[in-house]
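Two complexes, one shared chain (subunit A), two partners (subunit B, subunit C).
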Partner chain A sequence: MTTYDSVLHPPAIIAELKKNNITHVVWLPDSETNFMYQLLNDEDSLDLVPVCREGETMAIAAGLWVGGKKPVVLIQNTGIFESGDSIRGLGLDINQPLVMLIGYRGWTRRGPTPDSAARFIEPILHTWGINCYLIETDDDADRISIACEEAERTQKPVGVLVGTEFGV
Partner chain B sequence: MIPSKEAARAISFHRQDALVVSTSAALRDWNQVSERRELDIDLTDCMDRAPAVGLGLSLAQPERKVLVLDCDATLRTDLGSLATIGESRPENLVHFVFDDATHLSTDGIPVEGLDNVNFASMAEGAGYSRTYRFENPEELFIGLEEVMKEPGPVFVVVKVLRDEEMAPFPERQMAEGWAEVRETLLAGG
Partner chain C sequence: MINNTDAVKLIDSKRTDSVIVPTMNANNVGFGLPSVTSNQDLDLPLSGAMGKASNLGLGIALAQPDRKVMVLDGDGSLLMNLGTMVTSANKAPTNFYHFLFNNKVYAVTGGQPIPGSDCQDWEGMAKAAGYAAVFSYDNLEDFTTGIDEALAATGPVFIHLSVEPQVENTPVQFRQRSPRTVKMAFDEVPAALGARSG
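After this line comes the complex of A and B, so read on.
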């Protein structure tokens, strides 16, 4: 029987962001992503940009990218639904190579989930033609690099679904 | 009231090498007068996101002025952007709102009750450092000199009148224009 006792620690994510020369993390502070706040705040090479609604993250990232920076956004899957029009118009249509770190609320590998936010997120991303990667443990964190490379190569947004409990 | 194209001309005169993010009817006016299209970000789509795009640009280019040319009808659909800008407080950002007395940007249909909404008070409460309101062309032209020197984020309401025949949107596609601005900035322009 396979057991999954590994967890994802914020430093593994921060290390990936630094490795890929990410300059800004545009995010909506919430309970799903607050595990990273202190470390992000302490990291000199990364600037945090807080927003009031998730749809703004795509637009702020677009402005940062046009201005020569390399942002990522960090929001929950529910925020992706809220951001739909911005992902279309300011991600896909302007060819923004944006990596979206998406908190996978409701994710479970133990069968069907009752959470519609989890059930809909992958089909929605696929409908937009947005590829996505799942990370659950520190061993998966290097998929952020794969996503960054793919975003640059395709000049399109790429999703990274963060589907795990977090270690501290 | 200030003819909208005249307002755009006054801003263009004071612009120097500022980056300009414009949207909706303000973009139609700006497209007629801008002499630095390689520094203009157009929003012919996702028109409510001009303030957020301007915030990103101002954080990426802190040494450069960033002007957002917004409209009353677009700002009302993303009021949260005022608080988001107030939290980041970019000193180089000037957020103009063309307040359209003729409602031509909504095809002549007034947004019921919009006159009850005081955008300048909201911006002040959200943390903008200074707000201005201009209702005649001379005041605007003279006042812009101070606006451009003021540490931001600055919020400027411009009461405008529009010609009955609206100017067209730019022929340049959004993606094409954004790529041009990015290339200009990466080349140090």
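After this line comes the complex of A and C, so read on.
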């Protein structure tokens, strides 16, 4: 029987974003964070910046950061694959302290997965020297604070992989 | 057609306290914005991440709504990231001015033709994407007369410029490099904006 006690609810993530004074969420939707979109839309303190392709997100976040704001990026792991040159040129090369929330499509808690998007994401982030944290339940959500602190301290992007969320 | 240096010089002369985000030929050390700038501290050149100058400028425009942001883009660059026009128009910052330096070639890499350069309708694309105002100039005289009107329009504004293809064929490793590194620019601009975060 499935129980829903130990799962991830979007309000836990949004509370973390607010706690860390995040101002903008630059995003392109994915099924893993669909419910969060509905809540984010209702959240006055967070400005949503929708994009047409994920490679735009790191560049827009860089501009927001230069202008004194504190953005995060919210995209699917497939979107990270699409964004390579932006992560290189406008993340790592400019020392942007960017937290990237990444929907973990295909995640099966390290069981076998047929989805290459899940198999490749962690090795690729590690190849870039980008550290990442996994959040699967509300109890894990404070890893977003750890990621924010680490991004500031190391002045580089940090990933937060979001396991499947559940509705409120 | 407008000469590249004349174009950046005219834009720079109208900048007041605007941030300028130049890329490709508009950012050439010898004949682009760096060669004429009157306020380098507010120039944020994009050299890595081809195609993303307008995204970078959009972020600054959203963060600093009381200050104009002028993006000086290349046609090959914009084609690589065409969705950015919709992204910018959708967010609709009123302080966002997107200049397209259309020289119909990839000048930096040797002047190879841009796909479809003979049939592109950039003004049509900008209007269809939803820019609040669209202007186009193909000679310096008209651009000189028209630029005040373009910069007085409420953004997001798209300004198409027909620019001479100025191709630099010096091998890459021998080209003049800016003494101002990317790191310096990303330190200086936030400082000039009084916006260093974190």
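The working rule: the second predicted complex is superposed on the first by the 159 of 168 C-alpha atoms of A that agree within 3 Å, B and C clash if a C-alpha of one lies under 4 Å from a C-alpha of the other, contacts with A are read in each partner's own complex, and residues count from 1 in each chain.
By our rule, a contact is a pair of C-beta atoms (placed from the backbone, for glycine too) under 8 Å apart; a residue touches a chain by one contact, two chains touch by 3 or more.
Remember, predicted model here, so these are calculated numbers, not experimental data.
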Simultaneous placement of subunit C and subunit B on subunit A, clash or fit: clash
Contacts of A:97 with subunit B and subunit C, given as first, second, both or neither: second
Which of subunit B and subunit C A:152 touches, first, second, both or neither: second
Subunit B versus subunit C as contact partner of A:44, first or second or both or neither: neither
Subunit C-contacting residues of subunit A that also contact subunit B: 24, 47, 49-53, 55-56, 58-69, 71, 85-86, 89-90, 93-95
Complex contact set, residues of subunit C against subunit A: 44, 46-52, 55-64, 81, 83-84, 86-87, 90-91, 182-183, 186, 189-190, 193-198
Residues on subunit B engaged by subunit A in the complex (per definition of touch): 19, 21, 41, 45-46, 49, 52-61, 78, 80-81, 83-84, 87-88, 174-175, 178-179, 181-182, 185-186
Complex interface listing, subunit A residues touching subunit B: 24, 26, 47, 49-53, 55-56, 58-69, 71, 85-86, 89-90, 93-95
Contact footprint of subunit C on subunit A as seen in their complex: 24, 47, 49-53, 55-56, 58-71, 85-86, 88-90, 93-95, 97, 152
